[in-house]
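In the two complexes below, chain A is the common chain; its partner is chain B in one and chain C in the other.
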Partner chain A sequence: MSAEAEAAAGQPALAADGGVIHNIGYRRYDAERLGRWRIVQALTWHSYRAAFGLGRGGKAKVFPALLFALLCLPAAVNAVALATNPHSQPLVSYDAYIPALRTVTVLIFVALEAPNLLSADLRNHTLPLYFARPMHRIDYPVAKLIALSLAVLTIVEIPELLLYIGNVSQVHGAGQAWEQTLRLLPGLLYGAAWAVLLASLGLLLASTTGRRVFAICATGVPLFFSYILAHALAQAGQQAFGPAGPGQPSALTSLAGLISPFTLLGGVLRWLQAPRGVRVPAQMLQATTVGHYGPVYGAVFAALTIAAVGGLILRYRKIGVA
Partner chain B sequence: MRGLLNGVVLRVTLRAAMSRKRAVLFALPAILLIGVAAVLKATAKGTAWPPDVLSILGYLLLALTALIVGGSVLGAEIDDGSILHLLATPVSRRTIVLSKYLAAVALTVAFVGIPLYVASAIAAGAASKLTIGLLVGALAGAVIYNAIFLMLTAVVSPGPALAIGLLYILLWEGLLASLVPGVGLLSADHYSLAIANSIAHSSALQPNLTVGTAVGLGIVVTAVCLALATICLSGFNVKGGEVA
Partner chain C sequence: MIAQPATTRDQAGQPESGAVIEARGLTKRYGLTVTALADLTVTIWPGITGLIGANGAGKSTLIKILLGLLEPTSGRAFVLGHDCVRDGFAIRSLTGYMPEHDCLPPDVTATELVTHLGRMSGLPPTAAKERAADSLRHVGLYEERYRQIGTYSTGMKQRVKLAQALVGDPRLLLLDEPTNGLDPAGRTAMLDLIAKIGSEFGISILVASHLLGEIEQICDHLVAIDAGCLLRADSVSSVTRATAALLVEVDDGIELLQAELARRGLGPVRFQRGLLVQLAGDATYDAVRDSVADLGLPLCRMEQRRHQVEELFRDAPAAPADPAVSVAPAMPGSQPTGAAGVR
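Then we have the complex of A and B:
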């Protein structure tokens, strides 16, 4: 069928892989038609760049760059300290990095960038345009989720790699370098857990409103408040109930960490570290006390991640075409 | 004081703040504070917990509530454009700012200050030093925080003001103030703590400055913020983009 006949019939041209171009008579399109997966790919890449302010104005780049630099600082200090004093121990651990710093940095990053990825499309009612393409409903939230997870992964893992480079450059022999690599891997995995949980929670909270500023508050306030609440209750549990047994914190102290995603992640780390008997200096650990409730942390982590991803997908099944 | 406050502006502001859907959120601090205090009081074996828990939770809730209330008494009107009608009335800008500010302080005290007092009364007794101290600190906090956040909505537009306010609470008071003691000199949270501590004398409240400094700086910050808000509102520009 020629393009003219197509236009006359008003039928969209369907390519073999499901790509579609609606011919509304303005201009012919003869190039290759890309299908659903290429659309998702493009949306993911665009969102990933947008999370760092690339392709947006200068102001949008300030905070991502600042937060990234802040998170890299400990790794740089560690490298300098090791280089000037070769026999000292590494200052920063791979697993937890520096918990307080990473928490606040990632919190602000997610609170600022999750609304950036979602709110413009919600506010301007552009979602129907997306879904008019051969893109499925589920593709939009999944693409955004992958993009923000990768973005969080980037700002969390690159400092880890810098730390690794700093450490490896000061060790002698392949054996020690291999040991460092073995320590790095759990750290990278733990960073991935951060990325998935916080990206899904952040996007779910940010998708509640189309106004960017309210979305920033809707994301930042619950994440921050639950973090403080978890700490306050853990402390209260210590002061109000004392230890439940020898070396065993009270139930409230052990379970308070479940309230906030950040302390939850810390609890998962504690639980996974405990059996291996790795001795890590206390100030390097996430300040979550888990007692013998470790498995509960693992279960809640899995449940919360699934619930957040599911909630986001459900939200985008109903949203938008108005 | 005649002419400094306007009853109608005050009443309309209070009604507007309460009639929004998110007014339901304002009940949250009360439920949380009183709930935590009651449950811990009923089950706790020790007695050391009230100062820590109540000061941390109470003053954070105070800051967040003031952010939403102080940011919306003026901000909501700028946002939907009804501020133009208000500015067109023969009420002076200073009166408008002060009336709105008073409404914000009253709402913050009602939503967080009084629940904090009740929670502390349950935990430590209604007339205990801690309870009175926390209440006075919360009153001071409501006065200072609301002035800051109201000023922000007048100086920059309401949207960014909310984000800046949140970053102030998160970065400045949350992260920096705990790492760098000097930051306490410019932190409304520490002003409240210092004022509360001057009455409560509890080792759990750890202000990084003395009560005299806190009161002095608190008054200066409040006055400067309100003056700035008045000046910015006096030079308020009607943006053409809003109409088009």
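Then we have the complex of A and C:
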């Protein structure tokens, strides 16, 4: 602060109403500065809130809240059913939950919120303001990826936990409660796979354009139509080729699920369930079946996730400075 | 003092202590054909420094290299003692950057945006709020700061851009065309603001502009670049001395006036609808006034004009005795002072 400003600071002026106005001049900031990791954390938290419309207008909150409530509904129905009829079996499984409902809600959530997290900064050319600050080029997409993954995780896992609470509250003894807990854990892990794959894929697709409406289309349309196509091909494979052997679907039917991320996730679940002998009826899963190709599903899942994350990071290496 | 053409200095050595910005043989090429910066060597000391050049001269490229956002093809640059290539992170925590183009989201308030960007500069939540309010107040936004940026005028948006550069309490501000799109009053206000930040807040400033007449008012030093090369770097006073010309327009009798001014040794040159004379202090004005009065001509315009930047920074400007050769060819691109154009 210059001597002049200090002099001004030392002489409070009298305001009209008798109050005192202090001209405090320019103040330096000498206190703690947060490091790179804490800045990424702040951006992640900001984006996570934004994914649910928090810190944005009222309209932005409607869809996330609606989708979340919709996904919680089966868990609530399950809890009520168990409470009224203690001898009934749980209606909803931890692993698959209600696949069609989860697919639709998560698809809409990702198609709406991935563009919300990215397109405004692209459209308004705000990125240079970020990149001119103490962060590295990779930090921005990584923060957005963590934020959207956590957001998807939130809307997928909280219904799982509600389901668990509903089930546990009706069982007797620690043994049964422990059994429920053991069944919940794979469900939570599976939900995490959903979160990471769909968030990375959604953000990569959304980062292609700064126009929000186009970004929503660019995200939603491929996710939706690949899902329809996977089902159509699986059906066609069944009708055209019939089973490859006793209890074995044709190769086309088994591999059709690789096309869509949702059926891919379903295939991964079936592959992992097989050794455990847990059988979820085929119609409850998105993919009709995976046949012998379970490991292929696992490999494609891993490759697609890595490719989407890598693609997103590469995309943000290129833009923002030109 | 601002510049040394320090071509002999050790290329791998340490940055000069006390220098705010130091570039050594800085070159940036895009592909094989486009050269944005060509072997630029310049040292900039604390204070307000103007970076002058036409559009495409390499001003923005230089700023992005200084921020560590672009990697130079060759050469080195230091900002506040940090290497731009290896230590961009440290530089970016000490500098504030105001981009040239529009970069503000329309659907948030200025307070929200500047607070958020303060957090991105590494401020804790409370400090970010306080400093955002302070910065917006310093740039002259008060109650408006709770309104969405989309409702702002261009001048207010430029102020928000300046406030976000200021929020992290930088040691150095890099301002890229801060008066872009502003009306004359807005330009003056923005320049006053920059001068205040430089003098009262004690923050060094590099302000890029293609309007020399504009920023010479507030700068201590000037660095002129053209096509990526350094034209000249010097203090404002030594650069702008004896470079102005006077445009005189009369409603009729221009031939008479030309003859009269020639007789008085001012060497008038026909330019557009008037006459140009080299401006050498108040005596020139007096001579023009006396000539017009003696001839009884209706004077309708007297205006100070400036040369193109290449003309201005050429080391040996042609003598005023032969302005037809040295001045006139450069004139068509020039504009009144206050907005002296560079091509």
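Everything below uses one rule, namely that the second predicted complex is superposed on the first by the 285 of 322 C-alpha atoms of A that agree within 3 Å, B and C clash if a C-alpha of one lies under 4 Å from a C-alpha of the other, contacts with A are read in each partner's own complex, and residues count from 1 in each chain.
One rule holds for everything that comes next: contacts are C-beta pairs under 8 Å (C-beta built on N, C-alpha and C of every residue); 3 or more make two chains touch, one makes a residue touch a chain.
Every value quoted in this text rests on a predicted model; they were computed, and no experiment measured them.
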Overlay on chain A: chain C relative to chain B, clash or fit: fit
Partner touching more residues of chain A, whether chain B or chain C: C
Which superposed partner A:Gln235 touches (first chain B, second chain C, both, neither): first
Contacts of A:Cys217 with chain B and chain C, given as first, second, both or neither: first
Touched partner set for A:Phe225, first chain B, second chain C, both or neither: first
Touching partner for A:Met135 - first (chain B), second (chain C), both, neither: second
Superposed arrangement (fit on chain A Cα atoms) - minimum chain B/chain C Cα distance in Å: 9
Touch list for chain A against partner chain C, complex: 1-2, 4-5, 25-29, 31-36, 38-39, 42-43, 46, 55, 57, 120-121, 124-126, 128-136, 320-321
Chain C - residues contacting chain A, complex: 64, 67, 69-70, 89-90, 92-93, 95-97, 99, 101-107, 112, 116-117, 119-124, 127, 131, 134, 138, 164, 168-169, 199-202
Contacting residues of chain B [partner chain A, same complex]: 32, 36, 40, 43-46, 48-49, 52-53, 56-57, 60-61, 64, 67-68, 158-160, 162-163, 166-167, 169-171, 174-175, 178
Of chain A, residues touching chain B in the complex: 100-101, 104, 107-108, 111-112, 211-214, 216-217, 220-221, 224-225, 228-229, 231-233, 235-236, 239-242
